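Below is the structure I would like to discuss, written out as structure tokens.
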Amino acid sequence: MSKLSTMADAHAPTSTSTVPLLEVTDLGVYFVRDGEESRAVENVSFSMTEGEIVGLVGESGSGKSVTGLALLGLLPEKSSRVTGTARIAGTDLLAAEPAQLRRLRGNEISMIFQDSLTALDPVFPIGNQISETIRTHREVSRSAAKKQATDLLESVGIPEPSKRYRDYPHQLSGGMRQRVMIAIALACEPRLLIADEPTTALDVTIQAQILDLIRDISKDHGTAVMFISHDLGVVSELCSRVMTMYAGEIVEMSAVDDVLERPLHPYTSGLIQAIPSTNPVRRRLQSVPGRVPSPDELPAGCLFEPRCSFAEDACRAVHPPLRDYPADRLVRCIRADDLNLTGAVLPTEAVESGGQRG
Amino acid sequence: MFGSIILRRLGAVIPTLLIASLVVFMLVQMIPGDPAITIAGESATPEQLQAIRQSLGLNDSLPVQFWNWLTNLVHGDLGRSLINGEPVRSALMRTTGVTLTIVATAMLIALVIGLAAGIVAALHANGLVDRAVTALVSLGVAMPGFWIGLILVIVFALGLGWFPATGGMSFFADPVTALQHAVLPGLAMGIVGAAEIARQTRGAMIQAMSADSVRTHRAKGLSERAIVWRALKNCSVPILTIAGLQLNSYLGATVVIEAVFAIPGLGGLILNATLQKDYPIIQGVVLVMALIVITVNLLVDIAYRIVDPRIR
Amino acid sequence: ACGGGSSSNEGASASTSYGKPTPGGDLTVAFSASPTSLDPISGGSGLDHSSLYPIYSRLVNFTPDLQAKPGLAKSWEYPDPLTLVLTLQPNVKFQDGTAMDAAAVKFNIDRARTLPTSTVKTNLATVASVDATSPDTVTIHLTEPDTSLPLIFADRAGMMVSPTAVQSEGADFASHPVGAGPYKFVSFAPGDSLVLTKNTDYWEPGKPYLDNLTIKYIANGQTANNALVDKQIDFVNGVSPQLVASLKAKPGIVANSSSSVSMNGCYFNFRKPPFNELKARQAIAYALDNGALNKALNFGQGGEAATQLFPSSYWAYNKDLKYPYKHDVKKAKQLWSEAGMDGVTVQAIGYNAPGQQRKLEIIQSELKEAGITMTVDIKDVSAANQEMYVDGGPATLYCSGWSGRPDPNDTFTSLTSPKSFYNPGGFAAPNVEELIAAGKKESDTAARAKAYQPLAKLVQDYVIWLPINFNPLIVAYQSKVKGYVPDLYGKPDVSFLWITK
Amino acid sequence: MTDKVTNKVRTPDTTVTQTPRQRRWLRLLLADKVSLVAAVVIVLIILAAILAPLLAPYSPSDQDLNSILSGPSGAHLLGTDDLGRDLLSRLIYGARVSLEASVIAVGVGLLIGVPVGLAAGYFGRWIDAILMRIVDTLLAFPALVLAIGVGAALGRGLVQAMIAVGIVFAPILARLVRGQVLTLRKRLFIEVATTYGTSTGRMIRRHVIPNVMRPVIVQATFLLAIGLLAEASLSFLGLGVQPPTASWGTMLQSSFQFITVAPSQIFAPGIAIAITVLSFNLLGDFLNDVLDPNTPLRPRRKRRRA
Amino acid sequence: MVDLLDTRGVSVQFTMSGKRVLRAVDDISIELQPGKTLGIIGESGSGKSTLGRAIIGLAPVHTGEIHLDGTRIDTLSSRQRRRIASQIQMIFQDPMEALDPRLSVSASIAEPLIVRGGLSRREIQRRVDELLDLTGLSPRQGSRRPHELSGGQRQRVNIARALTLDPRILICDEAVSALDVSIQADILNLLVDIQEQRGLAYLFISHDIGVVARVCDRIGVMYLGQLVEYGDTADVIGKPLHPYTEALLSAEPQALPSRLRTTERIVLSGELPSPLHPPEGCRFRTRCRYATEICSTPPPAVQPGSPGHSAVCHFARELELVGAKHANSTQASPRQRG
């Protein structure tokens, strides 16, 4: 079904191996403003394997995009500081020389941005924007690059790609632009794809198409995808694993089903509860009151404590570490064991089908 | 694609020129003084003045004078100078090229210096380089053109002898000499313009370099130099706009600069004509200047469409 | 009078010291203003002459001190007071080959008398008719005695244009001028340049020396100065006095200052207060320190404080007349009060040209010392003239100047005759018209000078016109340029310069 | 109503700390050294202009023909001009005239340009078509030429000349305002205001004018600078103030005649003009930031340029 | 019974460059009762906002009529319109854009009262405070300017302003789309509360089926300017009659564990056709998996389903379409599709 599989393929599709492709340890991002540093992301560690799709969810301002950008070295050089390591195929992305980084970007690791209208250069034809990526990383002729770009356009589902090649971004619909973004990101068949809210601006029907596309790519090429979204629904449909971010930290990391069945962190639970489902029963929605604290005014203990209805004195005292939990789960909550939080399934039902977790 | 714009613009040109010439006509009529007095000079007597006015058609009523001017214009006749009888057309032919040469040089200089300074400042935004460039450039705006002109003459012409101190000619007559003559006056006007362009470029580049599309370019692995070029294309519309708008002030500035450099151009022509109330010449110069402005605006409009596909 | 010692004309005898002229070479000169017309009888500006001389030979020439000497007319005489006979140089041709004979002279004089827009009509008002009595003889019949004519023919009216060219070109003649002068017209760009080339058939043997003569028009004195220093031009006329010192210091550049009849002075509006009152005019005369003004205006570079309408070296100057209005602030104050003008503000007008504003500011300051408040309104020259002479605007004092004429009659008539355009309000001093006429009756220079003596006194007594100072004529040129002869008229003729190799 | 209570459980406001609006600009100013210097310079110049009679060591029109074009000395700190007048005193008095000149020019420009731009932008259609045709025509004239024409027509004099310059400014401002109004008209909050019945007058007063003022004010400060230069240029051409009044423009003009004799003459007025223009420009940049309601109190280091 | 608001065959047209006509809203008839909420869903560009704007008078009605209490309002002059302005108010998607950046929050909220007139300064201030309180804003926040507020707070200000005139109808155009889920929940709850207190009628526009299902009594589904399905929420969500509704429902991502995710997702092929050239016949046919020959010729007529539920589809009565999947409802068995 996937048109991508017809393309020349450097990476043979592999089954999910256990050798990590990307290994991030202690990622921290700090923004410097007027000589003061403020923390945007801290203590972020995770790893990804080939072909795996990992979701990263959280409210606006929780540090999802910053995490993605940090991996590609796309944060403003002057006003930000990045710590930790992020190894991909032996290279530490965070310590790489600019030239080395340039060679990796768009090649081994690439990124799709949320707003395709602004993310594409408005004054160059879309075809150009794809082929220049190829020409940057591959020694190919102009016409060969053009041919490849046209093929890519076709493979992401743009009809009549050779005609569309000369179109400018504003001449395309939102869904098409997003597909062009994807084509750019895939131009050099990267091993890691960071997708930063690639469907937020799109309609559900178009979103479904894009999600399918990403899933196929991952499957056919073994591309690892880090899927950033604030929409747990989307993540649950696409990803196998999900990380929840709050105020620059990962507060929970588990398999998607586990989280939805029974979230371990009150914040994750709150997020799930706030999603209005198509259940035609008019009732109040649960909400997580308050907002993500600004990086300048973080509480001393658990960062979620001011908004948490389960907070105890202990939560105010210490900043909880990310700790292991059975079934390969990680959580940053000292009360994770005591709480029986509501997920996407009513507790009654959860109890009924309790044992089915896998 | 450009045909319709040109047609649309041409449609607007004629009324604009008509209004312009009417405005000038009224304006010049309001200027005190009488060309007959200038012509008669020290031998003036009332009869003498009357005779001169009669022969120049200055005794007709204003609407008649304007009408005569217009009907002649339709026949391609711009009239003759009241003062020295030179056909306006030949006066314009010999001066327009000269002025265009220095104005074009000024624009070129302004663009080169302005773009370079603006880009450098933008790439080092808020750093020391930026501040230095910005300060230098602001100084350019702050100095009157004739002041700069004179200093240039003293340093580069009289001091170093690199360029001629005075004079000017049309590029089409003798390109090399014309450019030699155009450098200093071009600089005198261009430095002021460069400051504006640098300002605009800096702002636009900072904005363009922080655009999401630049982030995409980076994510693709493009080199910084390639990215700067792409950003430049992105912000060419405001820069073009400023450059286009500047033409107007350059044409105005020629009035002063041509006096400083003794350049036989449109500015000197209109200045003298204004002082002598030489209506036909004033009308002719304004017409030509308005035409130049309109043409350049048209070119800018077309350029917009070339550099930015989003426009229409 | 303060100061006012006559400056010696260093250039007058200089021509001999230059050595033998060498022919050949091109010369570029700069004048401050483009001629209003290249048709000699159509222009009105005193700045035109220098551009016209090279193209047109005149019937009569003058010596550096403005005495008539032969030109195209070899000689002239008044067989009776109402007849003037000119004898012409034989075999002179215009640049287009037309004969410059008696018929051509008649054509010229008649054209100058009758063309509606002719600016020399008034000068020829006394001419009744002109006869070409022989190819070389022109007989002019007059309506009244007029001995000023020979010098009139040394000015615009004497510049002979080719009748063929006038007839064929018609209105376009000014764009294709043809005369009998040393240079032929090549091209003219008003406000920019006049290009001339040697007239190989010129009637004076061996002249001119230059192959080509280009005249540039550079209005701004500083710019002209730059062009000279940069060697873009070889000769510049009308150098601002403040630049002389620095020019003289430059090697290879010669600056020359000489006296001229061109003067600064004030016109009064006699129609209304304050200057309908003699005492008010006298107050101004007392208040102004002509000597100091001359020095300040010319930065000490020559010139002459004026007491009469002519400089002291001019033949019509009245040597026996003492200047009554020696600078005296007290007297000025007193007279101003006596005139009943206390508290009255003098509205002066001026025109914008280099130095004019400065002059007015000094006058303003001197009047202030005498308790006279003066406001200044500066306009374009034609607007100022219109306001002062035509419309009778609010201005009552116009301190501009008079560029001078070769013949004194013209100056006296223009500045003192009640019928003159330049006499706003038509002030008629007792007997002024008779006195003017008297000067035109004598044909001998000394006799004429004597005849004008009472008129000079009249001008002073009634302060009909208030002279301030005579401007020096300052030229500067590259030292390779030779043959410059200054004259009192102050309008240098560059026709016979030459260049040393 | 228990639910309502939960709705009101708000976390502490972390967005922005409250600041009184009137002191906002002051705090921003104090934080921005460059703009602060510019503002201080302008205040000093204005003070000098107002207090000229107290500050100037001599009368600006007192001549001393015996010491003309003298260099700086104890008696004359900046030297004397071609009529022996004290340059410092003329410079101080000149500030008055020059500032007045640019204020008149900008004032006239605003008075004509803003209403025209508002009308054209807000009412559109034929009003726009007619007004903009005129504006375009005026814009097609080279500015200085138009100024000379209008200036000559109105008569010589500072006020006349600056009114002329103001007339040149008017179409620039009109275009600016029109452009702003056009985009503003499409803004949602303007549409929203119509949904509760806001009248045209109130719409313009309450919503349009305040929202177009920022670029206008910024442009006005730039125009102040240009006005200053225009005064100099017009004076250079002899269309400025009447003697013996001193303005920086006339001083510069007269110094031009003596450039080879006394080159130092040019510096006093030249530098005065340069500094003032520079300060106005910097202040314009600053105002651009301050008047932007979105500028955070902590000023960005990045100075945005209009 | 007279509806509070009803539109009868309303169409809105825009003339684009080149004289092309865009029918953004095509022949739409809906009605609204006091205290009830009507939801409008549909893809981007389907004309939802335009319908809302037509009702409030910001978009010109080309054909059809809009009635308020049985009185026609779409033909009113702008002067007359001002008089009924207080009856209908609207909240827009972008809370920042809808507020004058130069006015403080209180001033923005007070503005409609000042415009209407008749109240003293103090009365206005009291009313503003009341509204701030109602919408959960502190008086301190009243003196802020919009940019100093968070997105959720801004939307509260918009709600407060819309309520100042005590409207009977509130049009909410994507009122929560720009907000985070948790804030979205807050605002939705607020809207529900206010409706309960005041008996307002809502026209609730959204592209998010979940949101609409949660707050609406009835739902209209729009596609390319047309109302393709219209009925009670439970009916539309549970037993959709139009294939497009089915696709929308299935495409809505579900935050459910995989074991509960039973229905297959229908991925529509192709983009939304250009509204400038809508397909002939049934507009949805280009993306419809059930489309046959007859779909391309005569435009389908309205087909009723259960009472008050109808759809514009030739096969509305024949197709057995799948509704929403709910974690808590009894699971529909997975169906095989052809």
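Here the chain labels run A, B, C, D and E in written order, and each chain numbers its own residues starting at 1.
The rule we apply is simple: contacts are C-beta pairs under 8 Å (C-beta built on N, C-alpha and C of every residue); 3 or more make two chains touch, one makes a residue touch a chain.
Everything numeric here is computed off the predicted structure, so don't read it as measured data.
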{"item": "Set of chains whose contacts include both chain E and chain C", "value": "D"}
{"item": "Minimal step count in the chain contact network, chain B to chain C", "value": "1"}
{"item": "Remotest chain, chain E as reference, centres from CA atoms", "value": "C"}
{"item": "Where chain A and chain D are represented by their mean Cα positions, the distance between them in whole Å", "value": "50"}
{"item": "Averaged-CA centre spacing for the pair chain E and chain B, given as whole angstrom", "value": "55"}
{"item": "Approximate Å spacing (C-alpha centroids) for the pair chain C, chain D", "value": "48"}
{"item": "Inter-chain centre distance, chain A versus chain E - centres from mean C-alpha coordinates, in Å", "value": "31"}
{"item": "Multi-partner residues of chain B (at least 2 other chains)", "value": "31-32, 150, 259"}
{"item": "Overlap residues in chain E, where contacts from two or more other chains coincide", "value": "150, 186, 189"}
{"item": "Set of chain C residues in contact with two or more other chains", "value": "222, 379-380"}
{"item": "Residue numbers on chain C that touch chain D, as the complex places them", "value": "221-222, 225, 240, 242-243, 245-246, 292, 295-296, 299, 352, 354, 357-358, 360-362, 364-365, 375-380"}
{"item": "Complex interface listing, chain D residues touching chain B", "value": "133-134, 136-150, 152-155, 225, 229, 232-233, 236-237, 252, 256, 259, 263, 266, 270, 273-278, 281-282, 301-306"}
{"item": "Residue numbers on chain B that touch chain D, as the complex places them", "value": "12, 15-16, 19-20, 23-24, 27-28, 30-32, 125-126, 138-139, 141-147, 150, 154, 199-200, 202-203, 206, 248-249, 251-256, 259, 270-271, 274, 282, 285-286, 289-290, 293-294"}
{"item": "Contact footprint of chain B on chain C as seen in their complex", "value": "34-38, 42-46, 116-117, 119-123, 171-172, 174-175, 188-193, 216, 218-220, 222-224, 226-227, 229-230, 232, 379-387, 389-390, 402-403, 414, 421"}
{"item": "Complex contacts: residues of chain B adjacent to chain A", "value": "211-213, 215-223, 226, 230, 233-234, 307-310"}
